[in-house]
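Below, each structure is written out as structure tokens.
You will see two complexes here that share chain A, one where it goes with chain B and one where it goes with chain C.
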Partner chain A sequence: MVKVFVNGVEVEVDSTSTILKAAEKAGISIPTFCYHPRMDPAGSCRICAVELEDSKRVVMSCVTPVSEGMRILTESAKVADARKTNLELLLLHHPLDCPVCDCGGECPLQNMSFSYGASDSRFESHRNDEVEDIKSDVLVFNSNRCILCGKCVRICDEVQDVHAIGFINRGFDTVIGPPLGKKLDCEFCGDCLEVCPTGAITDKFVRYQYRPWQLEKTKTTCTYCSSGCQMNVETEKEAIIRVTSSEGEGPNEGSICAIGRFGFSHVQSTERLNKPYARSFSRLVPTEWDFLIPELSEKLRAIVSTGPDRIATLVSPRIPMEDAYLIQGFTRRVLRSNYIDSGARYGFMNAAFPIAKSTGTLRPMVDHQDLLKAKVILVIGADPTAESNITGLFLKRAIRKEKARMYYVGSESVSITARAKDHIRVLPGGEGLFSWVLSEEISCQESGRHPEFLSRKEELFKSFNVDPQAYTRLVQDLREAQTAVIITGRVFHRLQFAYDAMESLIRMSHALGWIERDGCGILPLPETGNDLGVLMMGATYEWLPGLLDSQDSDNKKRWESTWGEPLSYGKGGGLREILEGINSGAIKGLISFGENPLSHFSPQSGVREILSKLDLLVSVDLFQTSLSDQAHYLLPAASSYERSGHVVSVEGFVQSLNPAMTYWGESLSDGEIVSRLSECMGHPVSSRLTSDVSKEIFTLMPDLSPSTRNGEHFMGPTGNLILPEVVSQPPHKADRNSVASRLSEKTKSVLSPIFPESIPGEGEFVFALNKSLFHSGKMTLLDTSLMKMESSALVRINRQTAKKLKIKKNEMVLIENSYGSCTLPVELTSGVTENELQVPYHFDSPDLLGLFPRELKYSGPCSTVTMLRTRVSLKKIE
Partner chain B sequence: MSQTKHIEVDQDFIENLCDEFGNREGTVVQILQRIQEKYGYVPADALDMIGEYLEIPKSKMYGVLTFYSQFYREPRGKYVLKICVGTACHVRGAGLLVDKVKEELKIEPGENTEDMLFTLEPVSCLGSCALAPMAMVTDTAYGKLSPDKMLGLIKDLESEHLSASEPA
Partner chain C sequence: MGIKKFLNTIMFGEIMSGLKLTFRHMFKKAVTLQYPHEKLTLPAGYRGFIVQRRYENEQERCVGCDLCEAICPAKAISVVGDIHPEFPDRRYAKEYTLDFTRCIFCGFCVVACPVNALAMTKEYAHSSFTREGLIYSKEQLLTLGDKCEEDSIEYLKFKNMWDAENSGKEEGRYHFPPIPSVKSGG
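Moving on to the complex of A and B:
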């Protein structure tokens, strides 16, 4: 530690600290353009100049380290003069077109020029007069306004690791842009737009449409994926204009992905349902809530009166905890049914259930900070950048800055695989077997291993092309690492034997002593924004709120006393049991809150016919979906930009949603619809206010009280702190002691081997559905901005395979099997194995699900519906 | 100025080159130089290929490519007429040489002739001021030039090209 004086104020700072940091500690602000806390200092803009009192020298505070007894002046006459001159140089090419610039009003360059009185430049020189680069659909580059601070280039390199833009030319002619004069082609995270201190990079979607000071900012949480990004939704007259982030705030620390930043136009599209509809003579006709609620209640009451477990509910994993809590309460108390399920059944349950069963919690053992401390990171069957963007960013940072050794296990290459120490390629279908072999190798002594261990391991190397040396390195590293994290994702959770594979990993982490050791653990990535929250709230047949076994009589009693009425639901079930129940006629009614089972099965699977047997089908959604054709009632739901509540992030943070707009048309939140129905059916709710429901949840489950990263930044819509006492926020991670005591009795020591899926034969291909970086579910297909980034499905084919079949880029291919066929244009990549085809699952046409088996297939003890891979043949269309 | 079609880059050549240098710090300049040696300029396709093979971001390579004036992004003529316009050559009439070439070949500095035989490229100094005014074509230096000598040089190069392209 060294002592320095900033404007006479004495502060003690670390000896490696810079003057800028020391000043910050002393509470003195120094202006900066090129400095960014998450990136290496560049020292290029020269605006952070300060004077050293002793040597009378002017130095750049962002790159100069402190020394003992240093006396720093941040606002002397010499400093002001230096800054003014620097500003004149920065303004050399600047067109001073603030009145038409989107940045005007929130522009650091404008503010600084105003402060130092250098609104024009004395220097006369060759002035750049480049035309704007408007080739991209997303961002506009105006190099004349650019001060070449390089923040955009650096955030793209250092934080996003995308390297989409760079410096072009030299000296006076330097500009910033994408290479080769082409259209910008990147992940469109918009972080460069966010950090640009001038109007050099602007948002093409809303160019010239707003003035920053007229926008109303609402801080809220993004619900597309589970990263839990804190974002500012900026509105004008009840319309969202743009989404921005604040540096350092929340788990995302100021970064947001393409979907979060640009994907909001669909919620204000004319396609939104703005009125409730009821079916009358085979047509859906608009109606009023005041007629609809009593009518629907009556119908529900009639079905309930015939016995328990007659009505089922499905819950979208994007809705806040409060709504999920109300829906499950409504289902169990009022509808007397335990047929309730959520979208977590489409894969994530395969991770959530074994984890919750053995550890007693869904809070993760590790968070993003632990990724930065981890020596070894194993990513298996996941694409963190697409599935949980911020996890991806921290992973990149862990590799780049902290030198973590990352092993990537999977068939395909994703953006992070290039950074892996070893990319252990497993042919599609072998990931489950890999987990079992790895777990058996590490967890058991040689004598205690399963008799099939050696032959299975051999199979992994021989049939699934796993590199034995890379495998050995991974085993060695996992055994020796003091801190290690395993990340599992969508592909892993949707494997045929995902449940068993997850059990294998849990056993392995137990055997390695990870449970007791801080910084070690498994981080499963949920697929949507609040998978964890809806499961914790009991919106699944297995659990009552708090992950309590719903069939256990003590648990039932506990909730009976809380709710003050007896619970008489039966065994119930998830999606599989619900469809079977409807088919057999045992279930008469289905209410779907933002879920659509039709979009998760093959169109020939007969789900539509099963649903047609229902006496009552209610669909609560933002839009008309394929389910609406069959619904008896179609109710408009509020979007996450309009409602309040809390969602649980991948790291276990419980963060709040705040409404940026009023409810769209006559839409209501799912919780309010349920409360009204509940009241009408003679089960009054204590309060309709979401805030009261939150209070109830936090009182009953105090460990779920709000928490966030960098809470000190977190301000509410009116500027008040949402977390009154940041320091006392509950831990977001699992409690290691309670997990350890539970796990020792719950882990199975012997796990039977996982069977791999068969290897595709000659001319056969594995057809895999993956998640796109620019879409989230099917809802974003109505988003005009995101559709500009990716508008239709392309099939990714291995370059070598394409060469063999003489297929060129963008040519159409015919993909078919005994179930169906489709034609798609081709994208060539070296990123998939030679017998694999990959297509984003989001798009409705062509009919991708038609290539999947027609029978209703469920996998594992949780009966999940996965729809990940099928077998096809491939032909070029001449 | 003539715009000729960009040539097709040989994938094997690029891959061999990449294997030779590998993805290490500071290899980009050498790789680009070797490509320019072969093709006379650095085709955009080559950047794509290197980028994919060595996983060096294209934005970084393009930055290097545009930073150094030694690299060309457009095809150039068979003979690049590098005419020195540095101080010594300027004083001794380099401007007249440039004007002569412009007039004779109907091209501006930096441009190619339509038949892709010549490129006019005024340079700052070739380091042999004693021979001023001077020019350099491929690896040969020509000193103490005059506009007439320049014209003769062009004719010589033309006939050299013709005899080289005639069947033996």
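Moving on to the complex of A and C:
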């Protein structure tokens, strides 16, 4: 610690800190252009000049370390002079076209020039007059306005680790852009756009359509994935113009991904439902809520009166906790049914259920900060960058800056595999077996191992091509590491034996003593924005709110007394039981809140026929979907940009959604729809206000009160200093002590081996559906901006394989198997194994889903739907 | 009561002194104009109706920058900017409306405009039976501008906004080359 004086104010700072940080601590802001709190300082713009009182020297505060007793002047005449001269030089070639520059009005360069009066330069020079680079559909590069601070290049390198842009040419001709003057091809996170202190990088989607001062900002949480990014939705006259982020804020610390930043146009598309529809003579006709609610309640009442468990509800895991809470309450109290399930059933449940069973909580043991501290990170069956972008960023940072050793286990390569210490390739289908073998090896003594252990391990090496040395290194590292994190993702959770594989990992983490050790744990990545919240609120048949077993009579009593009504639901079930119940005629009605089971099964699986047996099918959605063709009622739902509530992030933060616009047309939030129905069916709700529901939830479950990553990671952006907001909040991570006491009761030491899926034979390919970086679910296919980044399904195929089969880029191939066939253009990559094909699951055409088995297949104790991989053959179309 | 005051009262002194002014004016030229048969010569810098201007090559000057909208104290202007349909690197005003029922003729917008696209003219005789009749679109403002080009140049010269643009000095000024009039291929 050293003592320094900034403008006479005494502050004590770390001896390694810079003058800039010391000044920030003293509450004095120094202007900066090239400094960025999350990146290494560059010292290239020379605007952060300060004077050292003793030596009368002017130094750059962002790169100069402090020393004991230093006296710093930030606003002396000498400093002002230096800054002014610097500005004059920066503006020498600047086009000064602020009035038409999209940055004008929020431009640090403009503001600085204004405050130092330096728009007139004493030097004679030419103005830059290069043509703009408008080749990309997303970003426009205007090199004339660039001051070469290098922030964009550095954030793309250091934070995003994408390396898509760089300095081109040298000297006066230096410009920023993608290499070789090509069209920009990157992850389109837009972070470079966000950090650029000038209008040299601008957003092409809303180019010239707005001025910053006209926009109204709403801080809210993104619900596309579970990262829980804090973002500013900026609107003009009730229309979203753009989404920005604030440096240092939220778990994302100011980064947001392509989907969060650019994916909002679909919610304002003309395709949005703006009126409720009711079926009359086989057609859906628009109607009014005032007619519809009584009519629908009457129909529901008629079905409910025939007995409990007659109506099922499906819930999208993207809706806020409040709505999920109301929906499950409505289902259990009013509809007297325990047939309730959510989108978590397609995979995430395989992680959530065993974890909740063993630890008693869904809160993660580790968060992103622990990733930074971890010595060893094992990523298995996950693509963090695509599934939870911010987890991906922290992972990259952990590897790059903190030198964590990352092992990647999986068949395909994703953007992070190149950074792995070892990419342990497992042929598709072997991931489950891998987890079991790993767990058996680590958890048990040699004598206590399962008799099949050795042969299974052998199989892993021989048949699944696992590199034994890499495997041994991983085992060694896991055993020795003081801090370690395992990340599991979509592919892992959707494996046929995902449930058992997860149990193996849990047992291993226990055997390694991770439960007691801070910074160690498993971090499963949910698939959408609020899987955790929806499950915690009991929108699944297994649990009442608070993860209480729904069949336990004590738990039932507890909620009966809270709700003041007897609960007379039956045994109920999840998606599998619901479909079976409908088929057998036991279930007569289905209300789907933003879910569409049809897009998760093969079109020949008969799900459509099963659903046609329903007496009442209600679909609540933003758009017409394939389910609407069968729905008796189609109700318009409000989008995440229009509603309020709370969502739970992958790290366990409970963050709020704030409406940036009013409800679209006549749409309503799901919670409001069920409240109205509930009232009409004679079960009044205590309040229709979301804020009251939040209060009810937080009173009943105080540990779920809002918690956010607050100001403690906030290091101060250019200029303004925001002090950390000190609020007491419940911990977002699981409490290790209570987990430990629970685990010791229930550890199972012997787990039966997991059978791998069969290995693809000669000429056979594994066809897998994966998550794209530019889409989330199916509704972003209606997003014009995201569709510019990825507009159609391309089959990713291995380069070598393509060479062998003489297939070139963008050529059409025929993919077929005994169930069906489809033709798609190919994309060549070295990122998939030789006998694997990958297609983004978002583009779920019937042809594509038709490649999957026709029988309704479920896996594991959670009966999840397995629609991850299938076997196909591949032919080039001549 | 003094004698002087008494005399003043009976002789209507105060009235006489008032009438003195009246009589004096009887021998002066009348200032009243027989509007609309006669019209006043307006001084330079008169703040009449606002118009939009063009470059010599007939292209409109306005770049849709919204600055006039931002400065207008009466919120009379609304600009919708967009990408120019023919020149994708240029901004232009897709819509531009000026509500003369709200305008207080302060002239701020003219000063704010970075490209001298606005000027005030000596036009004032614009009336309408409807409110909508006084809300002018971009086309109306441009037509009016074509009609009153001289007025607008005079106004800008009077406001010292002409020389700056035509001095040839580049430094410290916003830089907008006019949109070329000949379109690609034509």
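By our rule, the second predicted complex is superposed on the first by the 855 of 878 C-alpha atoms of A that agree within 3 Å, B and C clash if a C-alpha of one lies under 4 Å from a C-alpha of the other, contacts with A are read in each partner's own complex, and residues count from 1 in each chain.
Assume contacts are C-beta pairs under 8 Å (C-beta built on N, C-alpha and C of every residue); 3 or more make two chains touch, one makes a residue touch a chain.
A quick note: this is a predicted structure, and the numbers were derived from the prediction, not measured.
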Partner chain in contact with A:P178 - chain B first, chain C second, else both or neither: first
Partner chain(s) touched by A:W213 [first = chain B, second = chain C, both, neither]: second
First, second, both or neither for A:R127, with chain B first and chain C second: second
Chain B versus chain C as contact partner of A:F281, first or second or both or neither: neither
Contacts of A:N169 with chain B and chain C, given as first, second, both or neither: first
Chain B versus chain C as contact partner of A:C98, first or second or both or neither: second
Partner chain A, residues of chain C touching it in the complex: 63-67, 70, 80-83, 88-91, 114-115, 170-176
Chain B residues touching chain A - in the complex, by the definition given at the top: 44, 47, 52, 55, 57-63, 66-68
Chain C contact footprint on chain A (complex, rising order): 95-100, 104, 119-121, 124, 127, 131-132, 134, 207-211, 213-214
Contacting residues of chain A [partner chain B, same complex]: 153, 156-157, 163-170, 178-180, 418, 830
